[in-house]
Structure formats: C-alpha cells, structure tokens
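The following pair of complexes shares a single chain, chain A, combined with chain B in the former and chain C in the latter.
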Partner chain A sequence: MVRAIRLLGVFLRIGLLGEAQYRANFVIQLLETGLGLVTALGTIWIVFSQTDTLGGWGPAELAALVGVYFIVYGGIQLVVAPSLQKFMEDIVSGNFDYTLTKPADAQLLSSLSEVRVWRVADVVLGICVLTAAIIRESMTVGWPQTLQFLLALALGSVIVYSFWIILATLAFWFIRIDNLLQIFWAMYTAGRWPVGIYPEWLKWTLTVVVPIAFAVTVPAEAVSGRVSGMTFLGAAALALFLALFSRWFWRQGIRRYSGASA
Partner chain B sequence: MSPVIELDRLSKSYVVPVRDAGIRAGLVSLFKRKTRTVEAVKDVSLSIEPGEIVGFLGPNGAGKTTTLKMLSGLLHPSGGRASVLGFEPWKRPNDFLQQITLVMGQRNQLIWDIPVVDSFDRNRVIYQLGREVYRQRVDELTDLLDLGELLTKPVRNLSLGERMKCEVAAALLHHPKILFLDEPTLGLDVSMQRRLREFVARYNKETGAAVLLTSHYMADVEALCPRVVVIHHGEILFDGRLVDLIEKFSAQKTLVLELEESTSAEALALYGDVVSASEGRATLRVPKKETAEVTARLLRELKVQDLNVADPPIDEVIDQIFSGAAR
Partner chain C sequence: MTMETATSPRSSRVHPRPWLAAYPAFFRISMLSNIQYRVAGAIWMIGMILEPLIYLTVWTTVADSQGGAVGGFTKGEFAAYYAFLLLVNHLTFTWVMHEFQYRVQYGSFSFALLRPVHPIHEDIAMNIAFKIVQLAVILPGILVLCVAFRPTFEPVGWSLALFVPVLALGFLIRFLFEWTLAMAAFWTTRVNALNQMYFSLQMFLSGRVAPIALLPLWVSDVAQHLPFYYAIGFPVEVALGRLSPEEAIKGVLLQLAWLAIMGAIIALVWKNAARRFTAVGS
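Up next, the complex of A and B:
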C-alpha cells in the first residue's frame, strides 16, 4: 500500500510536469468540463420544467446525481483511463516489456503510469455541484448519509476499476481494443440519469454488464440515505467478485503475453 | 565462482498465425485462423560466469532476442531450464528483477514529454533507491556518459544518440548485476557507438556485472566481447573465443601485397583468388593451409615491397557462417 502511494506520488508529479508543457490543454479541458456540466444541468432544468419528479427523483437529487457523475468521471479520467490507455499502446509497441522487467507489480504500474492532473477539475466541479444541490434544497445530510455515500462511492470505484482492468486485459489477446473503450464511454453517458428510469433490459445492462449503476446511481442515492442494506450487500459482493476476477484475468493475460508474443 | 546464468536445453516455440495476402484472405482469417509453429530457440545450453561479457551473434530471426527475453523474464520457455542469479526468470520475483536490466535499442522507456531526470526519478521510486544513493549514482552516470545538460531537457528534444545514453543511464541506476543489451547501438553514429561501448566495458570492469549483448555491428562485438555465442535458426553454432571463431570458420587468409611494378590480375590469379588489384597493390585470398607456400612463391617470383597476412574481416566470416558456406 505504501508502495502504491509512493508510485502514485511520483506519477502525479510526472503528470503535472507533462501537462505543464501543454498549458493550452488545460484551458480546453476546463472548457469541455464546463460545457458538459452546463448541458447536464440544463437538461435537468428542462425536464423539471415539465414534471416534478423523474422516476422518484426530485430536481435536487438529480443535480446531486450529476455531481456524482462528474466526480466519478473525473476519477476515471484522472488515472485509470489514461494509464490503461497507455498500457494498451505499450502492448502494441512492445514497450510493455519494460513494465514487466520492473520490480513492482505490473498491474499496479500499468494502472498508475499516467496521471492527467487537470482532470482534478472534473472532480472538484462535481463536488461543488453535489454540495450546492445539498445546500440549495436543504437536504438533511448527516453522518449516516455521508458514510453511506463514501462507502457507496468506494465500492463503485472498485467495481469500475476492476471493470477497466478486465477491458484492458483483453488487449493481451486482441491487441487493439480501443473500440471497446468507446462502448464503455457511450454507456457511461447513460449514467447521467438514474438507472431506474431506463427500460428493464437497459437497467440490467447498466447494472451488471457495464456497472454504471453502482458507480453513479447508488452513491447519488446514498446522499439522501435511500440505499437499502441489500443494495450495499450486492455492491460489496460485486466489488469483491470483480476485484478478484480482474486480478485473476490480468494474470492470465500476463501468462498469455509471455507465452506467445515474439 | 558459480555461474550467474545457466541454460539447460532451453527451447521456445511460438504458434503464429499464417495468412495469405489480399483482402479475401484477410477476411477469411478473421473467422478461421491458420497457424504454424515456429521453433525460435532449440535446446540452447550455456553458462555465463560473473563479470563475463558475452556477445550473441546471429542474423535477424536467429533467436537472439527470444533468448534474451526468456532470460529477463519476459517469456516463458516451452522447454528446458534456465537459472539467472539462482532464479527462474519467468517467475519474475522482485528480488530477481531488482538485479537485472534490459536495454532495447529500438524501444524507449524514458517518458517523452518531460525532462530526462524526472524519468530517472520514476525509476528511483520503482527500484526503491534511497535519495543519497540515487543522487550519487546519477552523478556517477552523468560523469561517465557525459550527460550534463541533457538531464534537464525533455526527452523529445534529444537526438537519438543522446537519448540512448540517457536510456542506458536510466537502466543502470539500480546497479544491476546482469545487463541484457539488445542492439544497444542500433542506428547510432560511429563515435556514439564507440562511446557506449567504452562505457559498457567500464561499467563491467568497475561493477563486475555480467553483460549479454546482441548486436549487428561487429565492431561492438570485437571491442567488447571476448566470448561470442553464434546462434542460427535457434541453435548454437559456436560458443567460444572470438579468435577461435575466426580460426574455426574461416578457411582462408587474406594476403595484401605491395608490388614494385603493377602486375595484371591474370598473373596474380596463379597464386590465389584476386579480390582486388590496381597500381601495384593487390589483395589475394588463399586457403589457410597453403598460406606459407604461396607466400614463399610470391616473394620468390614477384618483386614484393610489402606483404601482409591477415584473417578475413570478421563480418565476412560471420556472413560465411550464416550463408552456410563455411559449414
């Protein structure tokens, strides 16, 4: 664990140095995030000018959901997505060999190797929206809700991370799988709305196949303390299963890499 | 001392997809894959002592890189055993990885957009080096490789030669006991090649690290490797001293003559194969066994100013081995 934090520290520093070389990037990205936020909140406003609730969600709760959506989005884009994207490039170029000759866990190195520092902005904006939603609607958020929220977010993070590892590991067999990631992002956009409003088949897909529900909807529900014990148990079970499975799958991938590549 | 690397009938075969040219074949292969087994390395046995520098020679696809990759833990062998520093490399325990390094001439591990020294810093954390030790080693390597101002430049602004020097330095910060160098001088200009060679020799001398090197440049091998291992089609053809390699595989000697009067190529052909002849200078190739006799005849029958007997250039010998002429 100490090792992981040290590594994250050094990659964070490197990320900061790298991004500092391209400052324009920061501005553009901030613009992108801002635009996304305005669109997301705008659509909520339009929807609620027609109706009072959407699948049992009020305007403030939906705004909170948008907040969570951006926090998780920023989290993925901060480390996991760029690192694993780089990992896949390394598989194609053969530079992954260097990762394997390092005396540190290859999965850990591959998951941390690229940090897009400016993505912190997404997380911060997400937190702001979430806080604003809570304050504006004077929701009562005490310790129980906060703890529930953090727990749900932690479980959701484990689930999403494991899911990404599984996707990325496929690169050991199929080499180029960029399209698969596009599918993930397309599905992730659906997470801007509570999973409950979708038709049954899509709800199912977003819960089990691409676990957006646990990453976004459940933590957002936790803010208003609406998550049942069963849901928590389910999330914990899925998180544990995916974490173990992704680890096992990754090792199969490494075995495959060292068995067949030239 | 016990060997640091020991291979016992190490083998590696790959299953590779086979595909005919053209779109049709490409589409067919999406659904139905034809495969073929390639034996990249066959029953390779050898052992390397601490502090040895060994050159791996062989044409492209001979199995050099595959062997190197098995020894550095990247590939699982399909048969045989290998022990590196007492470890089975492909299990890749951290204690093992901490003591080796791999440098590949055509790939880079430095981070493109940031100054070199920050890539070094990443390796400091990965190899868990103390700051004091790290500082000292960076200074030492900066000195030896003349890195100086390169350290603060972004990697993308370096020339190929400068980058390679930095790559090598980054790969040695943790003072590995074994260096696997795969074509480290690829694409470098002659003087940069020489610099790197001198550095490797010095590193080997000062640290006693073993070095396993593959290179297409004979100059690398001649300058660095007292011992060479020749691999062809995945098998070892020769393992021994470089001089013995030439002795064993070259059936001919080269005679370089300076004559007082220019002599026609036809006249010279009586003594041996004429490689070149112009304006009183001539180069002949004669069978090794007849060297003494031919030399005596030349000195007797022609007005020779100077005569030099030499082994053929090592490039030529190697080429002969691989084209099968010398077998």
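Up next, the complex of A and C:
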C-alpha cells in the first residue's frame, strides 16, 4: 500500500512535469469541464422549472449528484482511464514486456503509469458543485453523513476500478477493446440522473452490468444520509467480489501474454 | 487510380457537374468500409440511442409527478417525441468537427485538396452512407423505445408528408453549420473548447434536452430563431403534427434562410481557410 502511494507520487510528478509545459491546457480543460457542468446544471434547472421533485430528489440533491458525477468522472480520467488505455496500446505494440520486467506489481504499474494532471479540474469543480449544493440548501451534513459519503465513494471507486481492470484484461484475448470502453462511457452518462428513475431493465444494467449506481448515485444519496445499511452491505459485497475477481482475472490474462517476439 | 482514370477513354468526356459524378464513388467506398467495421459502428450507436432514452425517462418521471402531463406533453407524447428525435438526431448528426482537427493536424487534408471536387461533397456522401448502414441499429433502438414507453402518435397526413423535405433541410443545415465551425481548425489547434460550446448550446436549443416548449419562455424564444432547432427539434415537431400549417411554413422559410446564410459563409471562408493549410514536406 505504501509502495502503491509512492509509485502514484512518482507518476504524478512525471505527469505534472510533462504537462507543466502546456499550462494553457489547464485553462482549456477548466473551460471545457465548466461548460459540461453548466450544461448539466442547466438541464436540472429546466427540469425543476416544471416540477419540485424528480423521483424523490430535490434540486439541491440532484446538483449534489452532478457534483459526485464529476468527481468520479475526473478520478477515472485522471489516472485509471489513461493508464489502462496505455496498457492496451502496450499489449498491441509489445511494450508490455517492459512493464513485466519492472520490480513492481504489473497490475499496479499498469493502472498508474499515466496521469493526466489537468483532469484535476473535473474533481475540483465537482467538489465545488457538491459543496455549493450542500450550503445552498443548508442541508445538515454532519460527521455521520460525511463518513457515509466517504465510505460510499470509496466502495464505488473500488467497484469502478475493478470493473476497468476486468475490461482492460480482456485485451489479453481480444487485443482491441476500445469499443467496450466506448460502451462504458456511453452508459456512464446515464449516471447523471439517479438510477432509481430508470425502467427496471436499465436500472439493473446500471447497477450490476455497468456499476454506475454504486459509483455515483449511492454516494450522492449518502450526502443526505439516505443510504440504508443493506445498500452499504450490498456495495461492500460487490466491491469485495469484483476486487478479488478482477485480480484473479488479471492473473489469467498475464499467463496468456506471450510477449512481442516470443 | 488517378493514372488509370487519366488514360481511360471515359475521362475525355467531361461531366457537366464533376462533383455530382463523384458521389456514387464516395458513396460506394463509405458503404463498404462501414459494413466492414459494423461492430464498431454499432457500438457507437449505443450512446446515440441511450441519450434520448435518458431524457425520455426524466420527462416521463416529471409528467408522472405532475399528474400525467407537463408543458402540453403527456407521457405517450413524450415517448413519440423522443422516438422521432432518435431518428432525426441520427439522420442529421455529423462528426466533421472532430475529424477536421485530425485532418489539419496530421495533414490528411492534402489528398482531399488535390481532388477536383470540393471536399464537402465527400463528407456528405460518407455521412449519408454511414447513416444508411447504421439504420440497422437505430431502427431496433426505436422499437425498444416504443415497446418500453408506449408512444401515443396520431399521424397528420400533410405534416408527415412535409417531414421528409424538412428533415432533408435539417440535415443540410446541421451539416453546413458544423462544417462552417469545423473550419476553425485551420486557425487554431484548440478547437475542443469551441466544439464543446457548440454541443452545449445545441443540447438546449435544438430540443434534445427537452422539447423547446418546455424551456423557459425567453430561451425558447431565442431557440426559435437559431439554426439548432431547425436542424433537429423542428423536423421532429413537424413529424408529430404538433405545428399549425402557418407555423410549419414559417419554419421552412427560416430553414431556407439559415441554409442560405451557411452556404454563403462557407463559400466566403473556404478559400481563405484552405490557403492556410500547409502540408509538412511540401
């Protein structure tokens, strides 16, 4: 664990040094993310000009959901997505050989090796929206809610990360899986709304097949302390199962890898 | 390929409209490559189908909480609106704004510029071919939507007949609009922010987030004068038969006006834009 954090620190520094040459990109990134946020919040504004509640969610709660959506999105785009994207390219080019020869766990290296620093903008703006939503509605967010939120967010992160590892591991067999990632991103946009409003089949898809519900909806519910013990138990069970399964699956994948010139 | 056509006897017969003669060739190439990459294409369509499904769910939920209807739309009418929106959005969408960036940055524009026809014709032919192939995914998507949400739709004869030309005009408006904006790539390499701004405006003003009747009054007033609505929302509402004959005619006239404006802009700017293009290694 300590090692993992140290490695992340190293890659973060490399990413920062690389991106520091393109500082203007940070402004551009802020602008793009800001536009995305304005679009999301504008949509909420239009919806709530016609109603007071959407499937039991008020405007502030939905704004908090958008905040969480951007935090998680930024988190994925910051490290997981670019690193695993690079990993898949390495499988194609055979550069994955070098990862295997390094004296650290290959899964760890592959999921940290590329940090897109400016994506921090998404996380920061997400936190701003979340905080603004809480303050504006003077929601009572004490320690219990904060802890619940952090726990839900941690479990959601484990679930999403494991899910990405499983997708990426498929590259050992199918080489090109960009298309699967495309499905993930398409489904992810559905997370901007509470999954409870969707028809049953879509709700289950978003909970079990592509686990957006646990990554976005549940943490957002936790902000106002509306998550039941059962849901937490379910999330913990799914997180544990996916973490173990993805690790096992990754090992199977590595065993299959034959190198570029073998 | 060029060699062959240059020596073939057919080349001596100059076509009165060379750009028109190029269409079947562009069309065939694109058709074949789309069929070859059918899985990738089908997966791209998932997002296309999911978006209207998401907004339809939202508005159905709102209608439910407001006693079955909101802003003049019942649940069934929302379903019909988004079923047509799915079709219209698919048939009018373009990817030129994304592609221009690569073309200019990686220099693949060189080839298009060497051809004796304006590059926009290749883009239009490719776009139409892609959509015809992908209808194989979109139509089942519409079917799923109809089964899950049960639209209420009473066809109005004249309106449905008008839908076809209005849709064609909508396609041209969106195409020329996005092609115009895409030319920005000749001046700056950072077109993403511009694209994002365009897409954000389009989401609201075209009727994708909500039928524009549900927007705050001043927003829908603005939307009714801008091209976004005439590319997507207007054809949908014509198909549904929600507009009076006067409104429909006024809409068609505005469509034609916007088309003329875009055409004029492209004609004016294109020569200057292309002149800025420098291929590496020339």
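Miscellaneous remarks
Operating definition for what follows: the second predicted complex is superposed on the first by the 256 of 262 C-alpha atoms of A that agree within 3 Å, B and C clash if a C-alpha of one lies under 4 Å from a C-alpha of the other, contacts with A are read in each partner's own complex, and residues count from 1 in each chain.
Here is the rule we use: contacts are C-beta pairs under 8 Å (C-beta built on N, C-alpha and C of every residue); 3 or more make two chains touch, one makes a residue touch a chain.
Note that the structure is a prediction, hence the values are computed from the model and not measured.
With both structures placed on the common chain, the touch criterion links A:I5 to neither chain B nor chain C.
In the superposition on chain A, contact is made by A:R255 with chain B only, not with chain C.
Once the two complexes are laid over each other on the shared chain, residue contacts for A:M230 go to neither chain B nor chain C.
Of the two partner chains placed by superposition, only chain B is touched by A:L109; chain C is not. Contact with chain B, but none with chain C, is seen for A:I14 once the two complexes are overlaid on the shared chain. Of the two partner chains, chain B is the only one that A:Y98 touches; chain C does not reach it.
In the superposition on chain A, A:Q50 makes contact with chain C only, not with chain B. Touched by chain B in one complex and by chain C in the other is not one residue of chain A. Every residue of chain C that touches chain A in the complex is listed here, in rising order: 39-40, 43-44, 46-47, 50-51, 53-54, 57-58, 61-62, 65-66, 70-71, 148, 190, 192-193, 196-197, 200, 203-204, 209-210, 214-216. Of all the residues in chain A, the ones that touch chain B in their complex are 6-7, 9-11, 13-14, 17-18, 21-22, 93-95, 97-98, 100-104, 109, 255, 258-262. Those residues of chain B lying in contact with chain A across their complex are 14-16, 40, 66, 69, 72-76, 90, 92, 94-98, 100-102, 104, 107-109, 111, 113-115, 118-119, 121-122, 124-128, 154. Chain A makes touch with chain C in their complex at residues 28, 31-32, 35-36, 38-39, 42-43, 46-47, 49-55, 179, 182-183, 185-187, 189-190, 192-193, 197-199, 201-202.
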